[in-house]
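All chains are identified by letter, namely A, B, C, D, E and F, in their written order; residue positions are counted from 1 within each chain.
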Amino acid sequence: MSSDISSNFLGPVKDSSSIRLDLHTWPEVDDYLQHCKGIILPLGSTEQHGPTGAIGTDALTAEAVAMEVGRRTGVLVAPTQSFGMAEHHLGFPGTMSLKPATLLALLHDLVLSLASHGFERVFVINGHGGNIATAKAAFMEAYSTVLNRKLPVASRFQCKLVNWFMAASVFTYAKELYGEREGQHATPSEIALTLHLEASLQSKQQPLPEPAPVGPIHGPEDFRLRYPDGRMGSDPFLAKAEHGSEILDKASTALTEDLSNFLKQS
Amino acid sequence: MSSDISSNFLGPVKDSSSIRLDLHTWPEVDDYLQHCKGIILPLGSTEQHGPTGAIGTDALTAEAVAMEVGRRTGVLVAPTQSFGMAEHHLGFPGTMSLKPATLLALLHDLVLSLASHGFERVFVINGHGGNIATAKAAFMEAYSTVLNRKLPVASRFQCKLVNWFMAASVFTYAKELYGEREGQHATPSEIALTLHLEASLQSKQQPLPEPAPVGPIHGPEDFRLRYPDGRMGSDPFLAKAEHGSEILDKASTALTEDLSNFLKQS
Amino acid sequence: MSSDISSNFLGPVKDSSSIRLDLHTWPEVDDYLQHCKGIILPLGSTEQHGPTGAIGTDALTAEAVAMEVGRRTGVLVAPTQSFGMAEHHLGFPGTMSLKPATLLALLHDLVLSLASHGFERVFVINGHGGNIATAKAAFMEAYSTVLNRKLPVASRFQCKLVNWFMAASVFTYAKELYGEREGQHATPSEIALTLHLEASLQSKQQPLPEPAPVGPIHGPEDFRLRYPDGRMGSDPFLAKAEHGSEILDKASTALTEDLSNFLKQS
Amino acid sequence: MSSDISSNFLGPVKDSSSIRLDLHTWPEVDDYLQHCKGIILPLGSTEQHGPTGAIGTDALTAEAVAMEVGRRTGVLVAPTQSFGMAEHHLGFPGTMSLKPATLLALLHDLVLSLASHGFERVFVINGHGGNIATAKAAFMEAYSTVLNRKLPVASRFQCKLVNWFMAASVFTYAKELYGEREGQHATPSEIALTLHLEASLQSKQQPLPEPAPVGPIHGPEDFRLRYPDGRMGSDPFLAKAEHGSEILDKASTALTEDLSNFLKQS
Amino acid sequence: MSSDISSNFLGPVKDSSSIRLDLHTWPEVDDYLQHCKGIILPLGSTEQHGPTGAIGTDALTAEAVAMEVGRRTGVLVAPTQSFGMAEHHLGFPGTMSLKPATLLALLHDLVLSLASHGFERVFVINGHGGNIATAKAAFMEAYSTVLNRKLPVASRFQCKLVNWFMAASVFTYAKELYGEREGQHATPSEIALTLHLEASLQSKQQPLPEPAPVGPIHGPEDFRLRYPDGRMGSDPFLAKAEHGSEILDKASTALTEDLSNFLKQS
Amino acid sequence: MSSDISSNFLGPVKDSSSIRLDLHTWPEVDDYLQHCKGIILPLGSTEQHGPTGAIGTDALTAEAVAMEVGRRTGVLVAPTQSFGMAEHHLGFPGTMSLKPATLLALLHDLVLSLASHGFERVFVINGHGGNIATAKAAFMEAYSTVLNRKLPVASRFQCKLVNWFMAASVFTYAKELYGEREGQHATPSEIALTLHLEASLQSKQQPLPEPAPVGPIHGPEDFRLRYPDGRMGSDPFLAKAEHGSEILDKASTALTEDLSNFLKQS
């Protein structure tokens, strides 16, 4: 990493306890804010991931990438928000979803809390496509509140959402490995990352019938009719833990650079 | 247009009065629903468009494209929602913005009204990037409400947002005409379309200094500091009414096809 | 009009492009605010208007009156908010309604946007009785927010709702023309105005059976049971385009005076 | 009262304990609903009423009229909602106000509770002009919820707001007594009614300077500037307890007839 | 009462008109605030209280205790909020309930009104267990708003909820009188207090069958199934008016001391 | 554990992967629901815990107890909601708080998701006193929604909040170990549990000055003034990891029994 980065980052740390906000004390956060105004917030979802994928896939993966980006940069990582907007998956047992208006309020409040302490850059590492729209809406709502409350950071406060699964290097790698069978939900790439993270998930892997083809996403009933086992064109049986290890590295490298740019930009 | 389309569309109409919902009576809408379950909703914004662009650009353009798509297909066009999410432009006089939570509720209610009558496809033609996130969030909220209220259309109800300025043919054409000087806000392509629609706007055109370069969008204060005259990397002086005419045609062609696919899809 | 008015108004303009906010640039609005702190916001509804009336009647008429008042005074006219509170008309296809709480939030946000720019008088020209209650509630909510945010205009900010169809001169004229057959919804006076504005509507005119008598307004089911074809005691077949022309003039004269007083008052 | 009325009303009762909902048991309400589907809800406000008027004027008077109407008809009277929408009076100490959105939700919930039990007519006796808009908006919101929840009463459920101070007989009587000095807030007629109800208030009566003239109502700051002692053109020193007694009778007579019609109407 | 108390309290008053906010004028409240920053807000509920208990029990009792505490201390008593959170009682006719989110907004607004006038201590005397959670949530929401609006009292503003039926002396006395037959809803102690307050309620008293045993509280359907006549393990037939008199005294003594401490504390 | 319990529980499991919802697939949840209708939801907070305590204390401890209760019973454990209502701690950097209204909506949505799948018992294991009120309010709101949406589980759906730190055995043990120095926030007992869970926290332990005495909790400014280093009467330096191990066992034993009763009860 370039010296530019080191001037924004506190630099790589040895273990995750050095960057987990939940393992810091408040005076430590106070000190941290003297040197860095950035923080990472992992955002996941708790929703079906096909007949063999873990319901927590989006939270597990977002957290793993966030922790790795944190370790490489020394930027604080907030606890993972494991519940997101998954209304369209509510036709499958185990899905726990926040309505868009609720997620909007939640992210607004979290981001406002950070702004009130003097954080100026909130970097949301997201593991779920369904959160993107609402998160962006929440940021706009938060900017207005920050201004209306005349918080000192008002003119400098910035939030950014990054989706680890959309990093170009991750995307290319997944295409190489899985081609068209990557699909769009319960993808082998995200499943591979969970296999790398949680060995117990390996035992759930099994060959699956041809998935429903990729298509649009609408309401819960429509989704279950269109994608009866929850997969959208994907073949998660192709996933392997070693792919997941590589994906984690690629995603973390890409997002570390994104974070660097985000912290540097005026 | 292919025969496939004609089976979903009612076909081209001579004048806009045949497809404007606001010029229909309720029994006419009742009849219409026997043959077509689709409707177009134009969504704009009322916000600054640089020192020479019209504040109504996003609503004027969305409405024009929507009307043309309606004329080509016979699909009903609802009145234009001229106010959208423009919080980041509130630093410039004349901008009228809805908070994300408000726009979410508004689109939810409009879409629910349509679902209650038996419409099954709501095609939102959007003229403003800032609406995208919130509109998508609103659709998800609406799908859940449609289900929770057990409306008869619940399993078939679909909404789709299309941005006329993101149609590939429009994008390519704008690149040919303006290259990098298209920019991202108050773009020559959208200004050209307004010049085509409203002759009075021509007199506002004038050479402008080099714009602030394209960059991120955050809160209102940040936006005004970053883009002092409201433009993001654009040179709207390049815009010409004849470009606008062509853009309207290209956008309408592209969106007509999108609409056709949307109405056809199960 | 007296010279008093001219000191508040910018004076009559030649064409509507001079007073349409959506055709202004932001620097033009900045200049305008040096001379006038008032703005007109047309508010309509998209709802059934009987078997022969246009669904857009309330928006079309509010917009027409607003534009005429703008032309006579030079006061800026914002884009029309075409969707209002029409819950009770949801039993008829084509009606698109905002819940009261949504319309309240919408008007709150629009009015706050204007207050933030330094507008001190928002003159809402309304075409729909169903909006009145919610709009007044929204103004009170907005006044409190303006105060709580300590906006500079807080002590001077005023909103006013005027209903063109309640102007005394309009009311008297309608009585003369239609007597009791004016009714209360889908009235010949509002239909006449739409005939004047949109020639295509003439072809929908036809004799109708005796309408359900005027009565109270409750929920959508009750409304449809009570007023099976959507009319409340009205005979819109009496409407003629030339009446509409006169009504537009009378309403505009009355509301121009209202606006003058509103801008003058401390 | 005609026999028609007696078929809707349970008839006059001896004392208020027979019609106070709060003194009934739930089985008594169950019985009541076999014979009458109507209920009265008194709605007041807790807000400044000039230098000599009681802050509780609007709640005290609404409750008194409601109780008297209840006694004459046998219709149940719910507890008084003493807090209403009084944002514009917040510049005066002691005012306790609900924001419009809050009052809307409150009335929605109360009315829904009643609908869920099978009440079909809610007669809101209101003592405060500032509540009117929001209450009407709340009724529309409630009708939609009643329908969306498919409550058995959906097609029959009706709410009605009546303002005791707007009854024609009260209005005429006040004009006779006080002429122009009735004013519009802290009026002698409402103060007279409170003097009749609460003897202790007599001692606060005193001659007052000329009031600020009647004018518009906007935000709290504007209100206090415009009406420095809280009165709008009124001379409450003219009020006498014996007037109040008469006003109570006139208002109760008028509203009893209104209630009769409301219960009778289909 | 100690002299400490007298320095915070204005001292005992002769009659309730001296401490009822609704019988004060705004200048009187202004004067009051020079000497005391505290106010009492009685909070009740309108809900079933078993087959023989009054629906208004919680409001009647909260108001009675509040008035007595007010009389003993001279602290102002606001009007009673008679409707609270009683969703679980909605299975019984006559219950009128606010949803938790609505009660939260209501208490927030009332408390904010008081804070805006300079009140620093709001002492909510509550008569209903179901209000406790929401009221506490509302206080936290209010504290944040007070801070975000930068109200002058921000660093000193405090709210406190006290439940008269949980005062140790009341609890002990009820145990002595009724033992296990006190139960948890429609308890003889609260019924006794209503018998003391409203003589007409005596006639409703009658022996009742063994009540359903005390258990948990969940939704309305569950509640009615579990507690078919509305009682939770209580025998309200044991209640006597003279017990109620004693309970009122004990509760008032306990809460007067609580209030004293609350006003004294920094 | 008794046989009674085994009939409700699925029985102890070997490792946490067997009870973590996030490591299950949706068909596994479908199977699970055939045998058990219960689920555990850990609820924490991200807030200051004094100068030496971890900001994540409440989430870490709630999660640890939840996982242990899950392991002992085989009941599914949902992901931890790490952000709760911590408005009063916002004066200390690092605190991330949801407003009460937001937490209410969040818990409502999560609980509704579970109800829609057929879960009948939601057992919330809570680590933060500040969440209690809002969580209870949320349950009541959820019960009503479950009923209004006519979900099949409506009459059986139950939620229960348990606070691990309030278990009698934990309370007694903490008193034995720390006496009065347990305090009320950043207590040695909760810190001890975090030391047991996260070895890295040991290094933060250090002797601290006498804490501010226990007192009331109001707004953020008041809290920081009253408790300058964030502690409420506690001496967290007394905490030892081995205490934490014991506390985890005691809390898990107590809550396992609570859960057993909760699942058994009709």
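Just so it is clear, a residue touches a chain if its C-beta (ideal position, glycine included) is under 8 Å from a C-beta of that chain, and two chains touch if they have at least 3 such contacts.
Everything numeric here is computed off the predicted structure, so don't read it as measured data.
Any chain that touches chain C and also touches chain E is listed here: D. Minimum number of contact steps separating chain B from chain D: 2.
The chains that touch both chain E and chain F are none; no such chain exists. Set against one another, A-B and A-F show the most C-beta pairs in contact at A-F.
If each chain is reduced to the centroid of its CA atoms, chain B and chain F end up 47 Å from each other. Computed from the mean C-alpha positions, the centre of chain D lies at a distance of 24 Å from the centre of chain E.
Shared interface positions of chain E, defined as residues touching 2 or more other chains, are 90, 99, 101, 105.
Shown here, the protein chains touch around one cycle, each chain meeting exactly two partners.
Those residues of chain C lying in contact with chain B across their complex are 15, 17, 20-30, 33, 44, 46, 48-57, 59-60, 78-83, 90, 92-99, 101-102, 105-106, 108-110, 113-114, 116-118, 198, 200-201, 204, 230. Listing the residues of chain B that touch chain A in their complex gives 85, 87-88, 90, 99-101, 104-105, 130, 132-141, 143-144, 146-147, 154-160, 215-216, 218-222, 225, 265.
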